[in-house]
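Here the structure is laid out as structure tokens; the discussion comes afterwards.
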Amino acid sequence: MAIHEECGVFGVYNPAGDCARTTYYGLYALQHRGQEACGIAAVNDRELSSHKDLGLVGDVFTEETLDALNGTMAVGHVRYATTGAGRRENAQPLTLKYVKGTLAVAHNGNLVNTQALRTQFEYRGGIFQTDTDSEIISYAIAQERLRCHSAEEALSRAMKHLRGAYSLVVMSPRKLIAARDPWGFRPLCMGRRGDAVMFASESCALDAVGAKYERELEPGEIVIVEDGTVKSLRENCQDATSNLCVFEYIYFARPDSEIAGQSVHEARVKAGALLAREHPVKADLVIGVPDSGLDAAMGYAAESGIAYGEGLVKNRYIGRTFITPDQRSRENAVRIKLGPLRSQVEGKRVIMVDDSIVRGTTSRQIVSLLREAGATQVHLRVSAPPFISPCYFGTDIPDKKNLIACHHSLEEIQEMIGADSLGFLSVKALSGMIPNAQCGVCDGCFTEQYPIEILK
Amino acid sequence: MAIHEECGVFGVYNPAGDCARTTYYGLYALQHRGQEACGIAAVNDRELSSHKDLGLVGDVFTEETLDALNGTMAVGHVRYATTGAGRRENAQPLTLKYVKGTLAVAHNGNLVNTQALRTQFEYRGGIFQTDTDSEIISYAIAQERLRCHSAEEALSRAMKHLRGAYSLVVMSPRKLIAARDPWGFRPLCMGRRGDAVMFASESCALDAVGAKYERELEPGEIVIVEDGTVKSLRENCQDATSNLCVFEYIYFARPDSEIAGQSVHEARVKAGALLAREHPVKADLVIGVPDSGLDAAMGYAAESGIAYGEGLVKNRYIGRTFITPDQRSRENAVRIKLGPLRSQVEGKRVIMVDDSIVRGTTSRQIVSLLREAGATQVHLRVSAPPFISPCYFGTDIPDKKNLIACHHSLEEIQEMIGADSLGFLSVKALSGMIPNAQCGVCDGCFTEQYPIEILK
Amino acid sequence: MAIHEECGVFGVYNPAGDCARTTYYGLYALQHRGQEACGIAAVNDRELSSHKDLGLVGDVFTEETLDALNGTMAVGHVRYATTGAGRRENAQPLTLKYVKGTLAVAHNGNLVNTQALRTQFEYRGGIFQTDTDSEIISYAIAQERLRCHSAEEALSRAMKHLRGAYSLVVMSPRKLIAARDPWGFRPLCMGRRGDAVMFASESCALDAVGAKYERELEPGEIVIVEDGTVKSLRENCQDATSNLCVFEYIYFARPDSEIAGQSVHEARVKAGALLAREHPVKADLVIGVPDSGLDAAMGYAAESGIAYGEGLVKNRYIGRTFITPDQRSRENAVRIKLGPLRSQVEGKRVIMVDDSIVRGTTSRQIVSLLREAGATQVHLRVSAPPFISPCYFGTDIPDKKNLIACHHSLEEIQEMIGADSLGFLSVKALSGMIPNAQCGVCDGCFTEQYPIEILK
Amino acid sequence: MAIHEECGVFGVYNPAGDCARTTYYGLYALQHRGQEACGIAAVNDRELSSHKDLGLVGDVFTEETLDALNGTMAVGHVRYATTGAGRRENAQPLTLKYVKGTLAVAHNGNLVNTQALRTQFEYRGGIFQTDTDSEIISYAIAQERLRCHSAEEALSRAMKHLRGAYSLVVMSPRKLIAARDPWGFRPLCMGRRGDAVMFASESCALDAVGAKYERELEPGEIVIVEDGTVKSLRENCQDATSNLCVFEYIYFARPDSEIAGQSVHEARVKAGALLAREHPVKADLVIGVPDSGLDAAMGYAAESGIAYGEGLVKNRYIGRTFITPDQRSRENAVRIKLGPLRSQVEGKRVIMVDDSIVRGTTSRQIVSLLREAGATQVHLRVSAPPFISPCYFGTDIPDKKNLIACHHSLEEIQEMIGADSLGFLSVKALSGMIPNAQCGVCDGCFTEQYPIEILK
């Protein structure tokens, strides 16, 4: 699986202090949303300080850096970069000085009118030092702040100009502010632990720090925490719609997160069950491609009545510095990452469940691995529809030219992958997958129909 | 789970070269056996060179260091240190010069007559620069080499003096030699890929590099590879017995490894099934503590007919530099490492399967996490007998004073952990767990009866 | 000596390419002007890329980073930070996107109207991400660029608003632009090597890369290099005066640099000679405090007829990570940094020449070191006048409260230092020190009279 | 100048503790003797611990590592490796366990019967893990210790077998022992500070920590410090001769050191004076190649009556990671390292004094630099005789094939270097250079006559 989320955000207000440390653990829980860079900004006694760098949360922060950031409010960010080698300048939160003091801005999502906004600010003499939307958003806030009376009001006015996906956590020396775009693309939830108020991209981060999940922010909502008082601004909620990225349920979010009332784990199990109904096949064993295919495999097994088992063991130690085998060597990356459970698959007809196919290369290698281990048949079932279009709202689903399903029929794909049969979940099954979700979804990558018109 | 294996070894002869790279991938597959230090020694054109350091395989080696080590034979080692902060001097393979040239020695296990041997060598004027048994073994070989005609003969003679656990891979400029102690404590297997011959602590490392598993070495056997010819010395096999560490099946080995004809995954599933028979209980859901409890949980579920599910999600990013929450903070290490799947466990009677209990602290926290998530009952089932005695043969099972089962009855432990019921696998079930294993086992940590008398 | 220059800049245009590498060597030659951070931005085929970080030039750049920056234009910067631990964000050159594309800005000096300019830009909605004047200057250029037709014109207009010291090297994808403030505080010179045109804070950087020194930029001058054509803008030269920081001659600049026609080495030798005339004393030996006091000591010796010799040897290996001896230890930092040449000073009346006294602590320790080594008398001669006022133009001469000469008479200082006599160079001798300099000087730190009125 | 010393040693006994820190500063003062690796071993309460690594003293040690080593005795080592990339294993002090406990061994010098000793120990079953003579020496001590009653006696007996250069500092849990080979090749001195006793390769290290120089160890002498009592063993002094490496005076030692009663600085000044007598020439200016040629240049100037001046400024920031200009670039390493003082040399006949010529390449580039800077003549004077033979006793003077003077006449060398004249100090002048030295010298690199017969 090669699709990445672009970011995760976390924010905490706690009059008892220690907020940088809480954010550190919150970011640990969100690390799956971005492994390239991370950062924390904290406010202590009205003074903002920050630390950020390329690397994982566990590598970027030490006891010393956390102690230095101690404070009563903090915001944090984990980042995945879609293009090229990550530039350190793009690590977030962005910290800045503007007409009313200092701000820290952490952003998950992707704007679609970046270029227009940037040009507009440049024509007022603005300069840009990063490639991030956070900088655009910061300018928008700073410009509006000249014409209104508070940071939240400035943010509210700025949001009218921002088109696209953004879940934001913003911090001034006095306020912690969270906001979600009016289309509701990316998740953002709120929780509490005693007097502390927290915001996080996913509820798993609240669990990690012992906070109680309270609710998702509404599309378009702004929540302000100031001196322990929480209030909401809903000016931008009026024309809001609800279009949560359905791929959060399928792959991005952690299974122990709940988004808009829907358990992510259950959504995946359900996807597997629906897949079994749509694409049944006679077989002896259902296995998942670890880790993300396991839940759907369990659902497929339960629905089909075919035994569930483990067929592949994932090497837990493959890290960022893994040296991929090159052409000349007979080693093979998939073999190093996944070990087949010969005793399980030998002599069996195996249904292998994965959550998506992008280029098909990895699937082909796994199918081959299973056959070598003795599987007599390998049926590939995919717990999502085929990708036919890129994502403009914060994930790195690639261009059409790199999407196998844009150029090949189901039969061709099956042949390329070497599977005995192949089935994708249907688009119409997606809503059945998330029966408890109190939201609509964006499924543009499967349908080419987006909530916002894309100008190319 | 806090028990660690002390080491993993790998060796390869390949006339086509590229052996350091193959060893690198082999060690990646064995990383679970030791994360403190690692190293590779390679022979190229009769010249031995090596690279080793503290750290994970992926961090210690770069393209450059691997290229510099390129050769037609290589041995590698991953190390876990039981005592104090790891000293760099103890990283292996040990490379040395002796009367007949150079040797590289990689060792998995633990000798029980270390002190006596060391004293004996010191009384001949020897000096010791590390704390490793590898150095003792090297001396033993070097001393015997004065009196015989080949390295393998020297090793064979030396083995008569070595008491304890050792699976060795030794390399001279001309030969790759593997050996296993006559008690057969630690696994060591052999495989081939074309003209290449390989040795590894576990078969998963052979799979990772595309080699075909051939067999385990016999207890006491020495296998020599020289210029592509493989031969065996079985002088030390005569009085050999077979005492494979049973905990390799229960916890240490990777589930996709096969040891002595027995799939590790199947052993764990079977342990779960036996556990269900020995300790049945009415419940709604069986879950495993990830990752090592999952297999047994599946076995328990299948045997008991109770539904299997996931109840805990493991954070995949907790690394060596993770800053553990301290006393003052309200964060909690277990919560950060494991997220409960509320939607799964809520309102249910849960059977939680783990592979062992050492001090009981972690189990107590997990039980509490599940209750918070809504489990109405939590029944703890352990797929191994209680630890009542330490290990002297290469794992860090602690002293009696740190083993909860040495000081508390089953009822006390259950209460301390806060479980609704508690059941351990019986000692007598251990043999049923591994029906296909062509070996005997050492279960001294559960029975206090060891294959070698321990002088304290 | 504890006074630091704040920065050095370098720029090169070379149609033959390899400009990042040339800049690397140029920055090496300017490293004495700033050791905290450094950076290089290069333009290759109209594309700008950059690399910068905390650390010395030799540590920040590798073959790989230099190769990645290869181009036909480059600008570089070395930085010394006056306040707190250096923030990585402040490393330069600043690279930015503005209305007309990209710019890289490297700056040496200090503005005195920073706050006013920043406020003005903030009231237009600007945001600030660093603490550097480079960001202020960039805004000023970006704002003016909206109203004129070229980057150089924008810079020229911006310069009318900038008050203070600035020697700039600015690069757009098409142009390399150098500029000097109309007061002429900081040096900036130009040179050529074949078709290549270069700018550098000091001529020693031109020598280092084999370029021929051509001239200083005039105060207020802007020089533009575009496609090999060099032209000058002198709009801001009309009201320009000439106030080169005299401390560049006394201490900052490298002795092998020439500034405004005056050799720095000769200025220092001359300062020593003038000091000998103003403060003669009977003695046996003249020594300098290495390295910066050596030239003046030679001048003092030659003028006085007293023998010149070495009396102190400097440890060449004291680096950034040197652990300073703490209170409890009997070690002593001066002793570790300077070794006395007992055979030279024993039994002699010694004249010790240093270039300045800030707090007097180090001088006291050196005097004591020389007495221990057997000097019968130690006469301290300082080749600069006493500091009585801070610098606002780019050096870290401290506040009055930290300047010994602000609070103590000559006699008191002599006694505190423990010297047998003490003499400072007079202010009026400063002009005699630099007979060949084709410029006026700023001597505000010695006279409290600055070329620009300082609003406190 | 490309000749390197191989090591420096330091040892301290201080009942008041803090010995690792004192050793740290002592090693800082000896850093010029080896920049590849360093280490400190300390004894605290009879327990030995150590820290060592590749790198400079300032990089290898931190406050934490020093605090962890705190003790009442310590030995330290700085290392320069002559062959290949430095192996970490070779860093010293070597710490080892042997029959009587633990030892730390630090060694400066080079044995000439290494191979014979190693073979002998190997034939007793010994193994070797490093390439250092320290390991050989340790074996020799360990073997003798079996037959006698104390470590010092064992060392004394071992010394009868060691042929070559060795200045040693050895530490057991109870004793600090220093020893010098019976030929007296490498310096080793002793000093005191209150109750503390110290040993160092050079007296500058004693000065650095405020200790008073007491004396050199005699050739063959062993000094033992135990519980504050100092005693000498002189068994090996009977047949001892005195052959201090004359190149210590010419180049290796720090000018502020005194060796055997002779100031190193004065020796160099005197060498310059003798050079002036042997090779006078009409000229306007005498300059030294910094740093090591400066002292001799002063001596040449004083003796000849020609003005002394600075002609070349050395870049103080060229470090280990300096990227040397490659073929394709027009930059030039000498130019980056040395800046010419144009104002000094322009239009002048210059005498340039350097301390040695190995291949002649650097000299040629410097001569050319001076001519470019306007020197009308450049006369090269070398304050040492031509190298005609390698060193076997602890420096890296290369093989004959790399020594220009082995293959070319004086006239040829002069022409290759491009000097107007060339003069070397004569061998017979060497003794005149060190009138105060209470020792004989080894000048084998200039005469091919060594104190010990070299078997090739």
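Here the chain labels run A, B, C and D in written order, and each chain numbers its own residues starting at 1.
Criterion: a residue touches a chain if its C-beta (ideal position, glycine included) is under 8 Å from a C-beta of that chain, and two chains touch if they have at least 3 such contacts.
Values in this document were obtained by computation on a predicted structure and should not be read as measured data.
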Tell me, please, which chain's centre (mean of its C-alpha atoms) is farthest from the centre of chain B? C
Averaging only over C-alpha atoms, locate the centres of chain B and chain C and give their separation in whole Å. 60
Mean-CA-position distance for chain B and chain A (Å): 36
Give, as an integer number of Å, the spacing between the C-alpha centres of chain D and chain B. 49
Among all residues of chain D, those touching at least two other chains are none
Report the topology of the inter-chain touch graph, choosing from line, ring, star, complete and other. ring
Could you list each pair of chains that touch, in label order? A-B, A-C, B-D, C-D
Under the definition above, what is the set of chain D residues touching chain B in their complex? 88, 94-99, 118-119, 121-129, 135, 138-139, 142-143, 145-146
Could you pull out which chain D residues touch chain C in their complex? 18, 21-22, 24-25, 28-29, 31-32, 35, 56-59, 61-63, 66, 193, 204, 207-210, 254-256, 258, 263, 265-266, 291, 294-295, 298, 308-310, 312-313, 315-323, 325, 328-332, 335-336, 339-344
